[in-house]
């Protein structure tokens, strides 16, 4: 449990998780989690983007390459995109991307894809905790050095 | 149509004429009924009113038997049995914990794959055959179709008709040539399970049903449930008739269909009723006479 | 070497309680490229901002990172401070160490480490930030108001009186909306028509309002200050310029038995008609579905009747009129399309909503809805203001009002409170008593919600002076029983079952979103909730704005609203629009996409995914004018900066300013410290 | 505003108090009693409302007020016909019918004697029949019920009427799988005890 306040700082593995979120829904939802003082795992680092539509699959590969053990991608609910349709494009892109992850050799369970609206602080907390637990159980992602270089080439054709 | 037949306890006892009439119309309508081997009681209200697990496990045993015996659907003509079987099926689908628990208790393989059908649903599916086989026009007969509670509610379990504004029994009735009357009490409760234990309530509720049917001009009430039948037929005398009012015959739906098919009153068990069905038979005869004149 | 300044805020104890701010500042001071790093109790305070400004000047900073609260809170504050110290504001970024760190973690060590990392990420990003200028766009000082009910009328008048040009679009033949159908209004019982009609006329006569009735919004393009809207002018079959509203055509029409929409089916109208006598404009409309001529043309191809054309001395009847599209440039849009009433019928227009089988699915005669009762009570209505049963014209001696029909009923699919029903039911009970002496009104309610000025007093009056019997409970079932309607309810306050033999039943049915409002919302890029009410930008602080800049809301399109609320919202929306129109140009954040012409291959993947149609085709020619290639070009006025094109571009030739690949990669790279 | 002290106490209560009745009922039924807003539509349609002292909406109210004893000691929960009218019309899907089923079960488990003798005797007699033969033997039921229930009414006198019409079998029929049925009974009864 994350919120019992006496977590053991032994040598057990603490994953590093990068979150790519849109500014309108999920970032605001995460802000709400903060203003509601919802205690959660501290393993997640958020990178704010205008829309999930902006998220290039290469960002995710790059994050893994730079040592992330898990990645969260989260934006507005379908039909609620601030930019009308960006999240649909993102969803389509990530359906393809999941298959690519298999191909590259990244366990798809290391990637969480979700919708969190500006009013869903609790949901954000759940996603953070669940993803952290899951990735913690999967152990560190050690294959990242294999990703260097090759990945960018693999992506050059673009994933649409 | 081939169905696994779950008669339930009352069809072999107090509701014998329900079973008789159903068996009688089955053949002409092309309905093949194979009785479930070694079926047991569904537990009725007494089980689920006192022990939810028992209320699911008892019907589940029968669903499991049906599955083992290779039936795709179980046909439970008794509305109470139907309700219990359908509820058990539904609850096990909805509640994984309950599902696991019941399966553990049953101690037999069971994947909850068997559908559950009631008498109205089955006969509604046979409307074309009823129309085709009808030899006796019931045109003089006006009937009140009584659904009661267990057939329709809860809607998310039964789902074969609109729970507040049903029409399937009326559709079957029209197929027999009889006229369904418009009345108010058709989805109200008759007192059901209190038949023996709280007779006063049953008399009060049943009286309201019969009075409304009479006010709507019905010659008979058609039911699909042995409990409704016994409450309205067996208890009718206790309800105390208004001065000059005649008794209201209570027919099972297959009895009505059987009359249209020209089957004899004996075959249909029409002599087993407490309230005489003679007035109905007379109206049927009158209709037949008119038909001949035409 | 960049010279970046880092400012760690304590936010009083809010951050400092769980984050060791000193250690963060020290750690960042060591970070490459950081020229100055400090912490302060309240960075957003005046002295805090001064600290930032002074540091920019003293340490010649070329980038600033403020680690404090969410950028949604204070990004503007610090960018303004940077700007006033001579630094381009877009070289200032915030690291969120409050909402995303100190408030959600208890362990000081973990929180401090995370705060250091979050701040480092932003420092790395700022290294790649480029100076930018806010975008300036001209403003078209004309507003489109959609919907001509009381909200639209109010907004249009306020705007026009404030000096703006207005295009008011109404889909029905007349403006007036639901309010024109009401008899009297709560809590003052003043006559609805009497207060509304003058405003309708004012709209009609206003020199700055262009009124387009029997018209609908076909298409919307553009952005705040610069929308292009196309309006479908539906064929009325009557030339509005020639018609003088004499009504000869109406008198001549032989088809007289069409249920009148305005009278909620309780009255009849002709095929060529004005919906009600005070309609604005007073120009008739020909209902082609019911017209003898159009029916005959459809059936036999031959002409028939045409009496209205013969009757019209001005030659205004034009059977061959076609729908036409008119285009307008507007700078802002006010959506005031109102509501529709829920019906208890079995068939429902939306999945998830169901009717009331226990109340007969709307088939029981003399069970009417609140709007129908308004028409009965209206002096200009089908019964000239007498309360009479639709079935046999008898005066009901016992009348039962049922509240919350469809409202607050999760099982029927609508969980919200419709807000106005408690009040109008009290009004109905009062009007009934005033009109039917000795009659008895019963009201089945759940809670009386009368929280407006003079509202509760009004309800008390209905109970205390006009003798309405209020029963607290929902009705389980009702049905026709001979002459009467049997109403089976329960009075939870006396704990008794109640059966009333009513002569008439009035259902206070829910307010629902307009049909097909989703299509309009999509044209406007405005989001809506699960009931299809349009979403305001912020429930408290931005109640009439939407998330699409330049689009505003007024009235029941946003949620159930009564007349005073709708009018207040309309005036608020008008004020917002006038505020927008008060300047000749607008400033916008420059976070938009930009194409690198040298590497764009012209595949136009970006064009296909752009939700705004901001991608245009640009021809590249040599000096002789020969076409070299066609590439993509982003219209800076239209682009809203979502960045979908960037992620889609196979040649990486489009960048989103402020969120470029290098900026994001810098953040990712900073992850490992 | 609550003082920090009050908050402390409040928190403590939440942690250590036994589960409230409404939570228990919610867990057992899957319906949430807290959603009841006391509209009384259930009671307005309840065919037994004229006979019971607690109507369905009263029962929901008492559950939400955690009035366990009042509910268990009242015979109203036993007078439910399980006709499901309340459940069908509840605007908040509180499912009073299912809730009342659960209360009866809890009442039995708690050893309450609130059930009207005739009704509990009937249920007992009914279940005894099934336990012994796997199916209902109606003559046995009537006999068993009338003796244990003590209400030796005119009904028994009509049994000959039933018999004359061929409606009553005089011999019980026992199914092959009766052991199977008895095992189900034993397991369910054990589970009910365990829950208690």
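When the chains are written out, they are named A, B, C and D in that same order, and each has its own residue count from 1.
The criterion applied here is as follows: a contact is a pair of C-beta atoms (placed from the backbone, for glycine too) under 8 Å apart; a residue touches a chain by one contact, two chains touch by 3 or more.
Not measured: the values here are computed from a predicted model.
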Next on the checklist: Contact counts by the stated rule: is the higher one at A-C or B-C?
Outcome noted: A-C
Next on the checklist: Mean of the CA atoms for each chain, then the mean for all of them together: which chain is nearest?
Outcome noted: C
Next on the checklist: Please tell me the distance, in whole Å, between the geometric centres of chain A and chain C computed from their C-alpha atoms.
Outcome noted: 33
Checklist outcome for this item: chain C and chain D have mean C-alpha positions lying a whole-number Å distance apart equal to 50
Item to check | Intercentroid distance (Cα basis), chain C paired with chain B, Å | outcome: 52
Next on the checklist: Give me the residue numbers in chain B that touch at least two other chains, ranges are fine.
Outcome noted: 163-164
Item to check | Set of chain C residues in contact with two or more other chains | outcome: 358
Checklist outcome for this item: Multi-chain contacts in chain D, i.e. residues touching at least two other chains, fall at 85
Checklist entry - Taking all chains into account, which pairs touch? => result A-C, B-C, B-D, C-D
Next on the checklist: Applying the document's contact rule, which stretches of chain C touch chain A when the two form their complex?
Outcome noted: 70-72, 96, 98-101, 103-107, 109-111, 114, 117-118, 121, 522, 525, 527, 547, 591, 605, 609, 611-612, 640-644, 646-650, 656, 659, 661, 664-665, 667-669, 671-672
Checklist outcome for this item: Counting only contacts in the complex, chain D reaches chain C at residues 35, 37-45, 49-50, 55, 57-58, 85, 89-93
Item to check | Residue numbers on chain B that touch chain D, as the complex places them | outcome: 9-10, 12-16, 38-41, 43-55, 57-58, 61, 94-95, 101, 104-107, 148-150, 152-155, 163-164, 188-189, 191-194, 196-199, 201, 205, 234, 271-274
Checklist outcome for this item: Within the complex, chain C is touched by chain A residues 3, 5, 7, 9, 16, 18, 23-24, 27-28, 30-31, 33-35, 37-40, 42, 45-51, 53-57, 59, 62-63, 66-68, 79-86, 89-90, 93, 125, 156-158, 160
Checklist entry - Which residues of chain B touch chain C in their complex? => result 162-165, 184
